[in-house]
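Next come the structures, one after another.
Both of the next two complexes hold chain A, though its partner changes from chain B to chain C.
Up next is the complex of A and B:
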């Protein structure tokens, strides 16, 4: 069986970015709002998938780094008046730093225990965010994180007068697109190849000369850093950082989005994020039983498409191509 | 080349390897044989750092490497294959070998290049030498069993080992496949000047290519020597060869 080369040559990040740019001009304010949400979640899930799909590590506590990013950026901007251009990368570094410390312990454990320990650390972070009133605002959260200065976006030629929400949307998709470009490259690099050998067979990976734990830790730190970026954007978008960003249900939500979209493809998890956010909006406007409907949808998808939405689409495309191709042409 | 001194390992009181010594000369081909559960795989795992010995030493070119972790052992020039085939199932055949080359050359820290551009020619050449060139683009996990074993050999060779430990390289192969696999091994070992240590249940194979044989039984070395010596050993005939006339 030869491997699928579907769409390998298309620069998807650029294509999706160029389409997404039109949302404020062509869509409603609500569309821009949803678009921002989806873009942030997309970055969050892609960062998680560096662990899940690329390295084969299941983290139940990825929200920790998302939340740390949100708080770090929020505290820097609100409490210390640091401009966004500094607070944003700083949020990534701080999240990555925590990922380094927590990950150091997590990668020492195997599969299930790794997952449990990531969850344990996330709950510890949650408890600290929830209780440390002086810094995080405790159960009140950290409201009124200021918007970054974005008038320069409106002054770009051809963009005209944009609302602040539109400007923030454009900033978000730009940051997410840049992050995607970096992560895509990391996955394609020799480093990324090493991660896939660890996913497939850690025992053998060690015996081609890899220090498996060190590589796992490096992946954990990179994933944590980008989750931190997503969190930083989310805090601004939501006008505040709150302890529930770090709660275990948030970690479960990204895990669901990631698996729903398909962990074997770079664009699987973002499609999952899109599907979940969109379904959530659609279904909550018809019924209050959203969790129930979500459960059913997930069941159907997981059994019907074990490779997630994108896995299912690719399999369907492959079948179609085989059917259409004349035998032994 | 490789000098193993009085290596012992017990699992919860059960002594799987009991004071086993084995000295292997450069370019020598050594077979470690013994009935199921004799401790052959455990012995290999002790040498390659997958298990920590309770006592004893492993010397490589006179240097003590006892208790060194597997990834370092691999870098020191010891390659191995595993009894249960151990490849990267979701990567292509070429990518399997390419990954091993990248790891061995210390390229794994490179974030900014494209992995598929590295060592293509070398990887293809290596696949050619083990007879897998035509399968380069197949997903490794879909290969036939015998081919997976060949690929595992390819992965081991990519690390450019001096000593190669093969744990039942022909397990599960038909008689013809076994003969071909061993011919391939002999040729590669010759070309590369490898020091080969392997375990094998097929006595015909063992006695045809091994220059030295160590017989393990219940964790102990029952006999050691040239094929002729081992064949003549009364104890070996009684306990082991006698079981398989």
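Up next is the complex of A and C:
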């Protein structure tokens, strides 16, 4: 794949984090709300892109692990009174555990059947969440997940008195930034390189002695775990876990965000999440026909910018540079 | 449990099954030949239902002109299918499956909202055609004639489709296209036309099933997504691209749903998805399909 060295040396995660920290101080309450939503979705899409862009696996049921994370964290905190510091990593572990079980069966199938089986498992999780009233609250969902204790954030030097939404926003962007740093390392590690090899040529990867299924399963588990973290944050942010989080349309939505941003770049999917969340807020404030707009965005993307927003920007930048550079003799 | 009760469950399951077969056969056909999973198939079905309602309003609100209205609706959807395939889908054949999938999903979003915009969000209903308004008493259970008609129509279409695919020249070309598109192209057949034809036939079947469902179920937004999930499960169980697989997949699905409710009330959703997952794990190409690539 032709990855451009554009800004390779810049630690983007740190830069974006340092900019995002200022949102509660400079923006409105609405900006903080939107920022939290974008940060959570950004983590969700980056976890999916570990499968889609890095490993070349199309999961149509990634919402399952997001939802499991939300329910796990919510049930632990609400029903059992477990503190956030334990419930949050536990949510990731539980989501990763389910990804291990489901993934074990999924990675044995080829492309389209893989997508269908991930979808079937996600719908099974959805049916359970929707019907198991005693544990998940069934179709009523699991409302009133308590906020974690975040007073310590306000007592940090220089931050002053913050609202609870601001504190949660800061916690969210910190967790998302840490997750990004870890995922970035995973993708750059020899393990991540192997995943890319599998994406580009699974047969050759098998020839050189790679256990392709084991690598794919490992990627599936890591992606599931981080989706679980995103779900845990989302459950608290949205004050509840609901069966919608797991439904297949949620899986489709996260796929759209990922592709909208561009699957060939680490920062593509977060840009897609930003664009779609922002567009959604703008559109839904004056029309109820958001699906129509989303469909049109998708058509423009498919026919006009197959590389997504970031792919399109990089291609444009490259063309500009080539035009400005004198031709070689 | 009384025998008549079991029989009426069985008949109920069979009616569901034959409707699903009409819908799922088009989905399976397009996948089998074009390798496209058409999410918009359910939307074609819903639009067929809306068009049939509209045509009944124009032709005769009392219901005696139901059949021409249903045919008109199905033809309308066939035209829509031709437009979609010729203008848009055609340009995505060379691309990865994911992009084709997302394209059909975009159609679901756009056409679903368009239907909401035109016909609103209320429930619309069509009266049963007078010829089939009566009911029949069979083994102590009451079976509406209209349901009986659907139960006969399903196998007839299955048989007709099978004959066309396996005993006619056009069917031979379609089967050839599903085996090896490039070779058929090299031999001089017009594969582009075959693809358009398949998509149009599939859209016609979806539109027809949507029109035929209107006397039994009311037409509402969201029926597209509900039906596509079911049709999808059916074709996965039977084998994507397999004609008889789709038929038996529908029958199994209908009976599992019909009797599953008795055994695990409230868990019927779970049981069908579990069935789909088990089939995918054991035989990903379905009960009657053949492995591809």
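A few points about this structure:
Operating definition for what follows: the second predicted complex is superposed on the first by the 324 of 329 C-alpha atoms of A that agree within 3 Å, B and C clash if a C-alpha of one lies under 4 Å from a C-alpha of the other, contacts with A are read in each partner's own complex, and residues count from 1 in each chain.
The definition used in the following text is that a residue touches a chain if its C-beta (ideal position, glycine included) is under 8 Å from a C-beta of that chain, and two chains touch if they have at least 3 such contacts.
Owing to the predicted nature of the structure, the values given are computational and were not obtained by experimental measurement.
Applying the stated contact rule after C-alpha superposition, one finds that A:209 touches chain B and leaves chain C untouched.
Applying the stated contact rule after C-alpha superposition, one finds that A:191 touches chain B and leaves chain C untouched. Of the two partners chain B and chain C, more chain A residues are in touch with C.
Once the two complexes are laid over each other on the shared chain, residue contacts for A:200 go to chain B alone; chain C is not touched.
Shared-chain residue A:325: touches no atom of chain B or chain C.
Residues of chain A that touch chain C in their complex: 58, 105, 108-113, 115-117, 120-121, 123-124, 127-128, 130-131, 248-249, 252, 255-256, 259, 289, 291-292, 294-296, 298-299, 302-303, 306.
Within the complex, the chain C residues that touch chain A are 37, 88, 91-92, 95, 97-99, 101-103, 105-110, 112-114, 116-117, 225, 229, 236, 266-267, 269-270, 273-274, 276-277, 280-281, 284-285, 293. Against chain A, in their complex, chain B makes its touches with residues 48, 50, 69-71, 73-75, 79-80, 82, 86-92, 95, 98-100, 102-104, 107-116, 118, 137-139, 142, 155, 158-159. By the touch rule above, chain A contacts chain B in their complex via residues 1-3, 185-186, 188-194, 196-197, 199-201, 203-212, 215.
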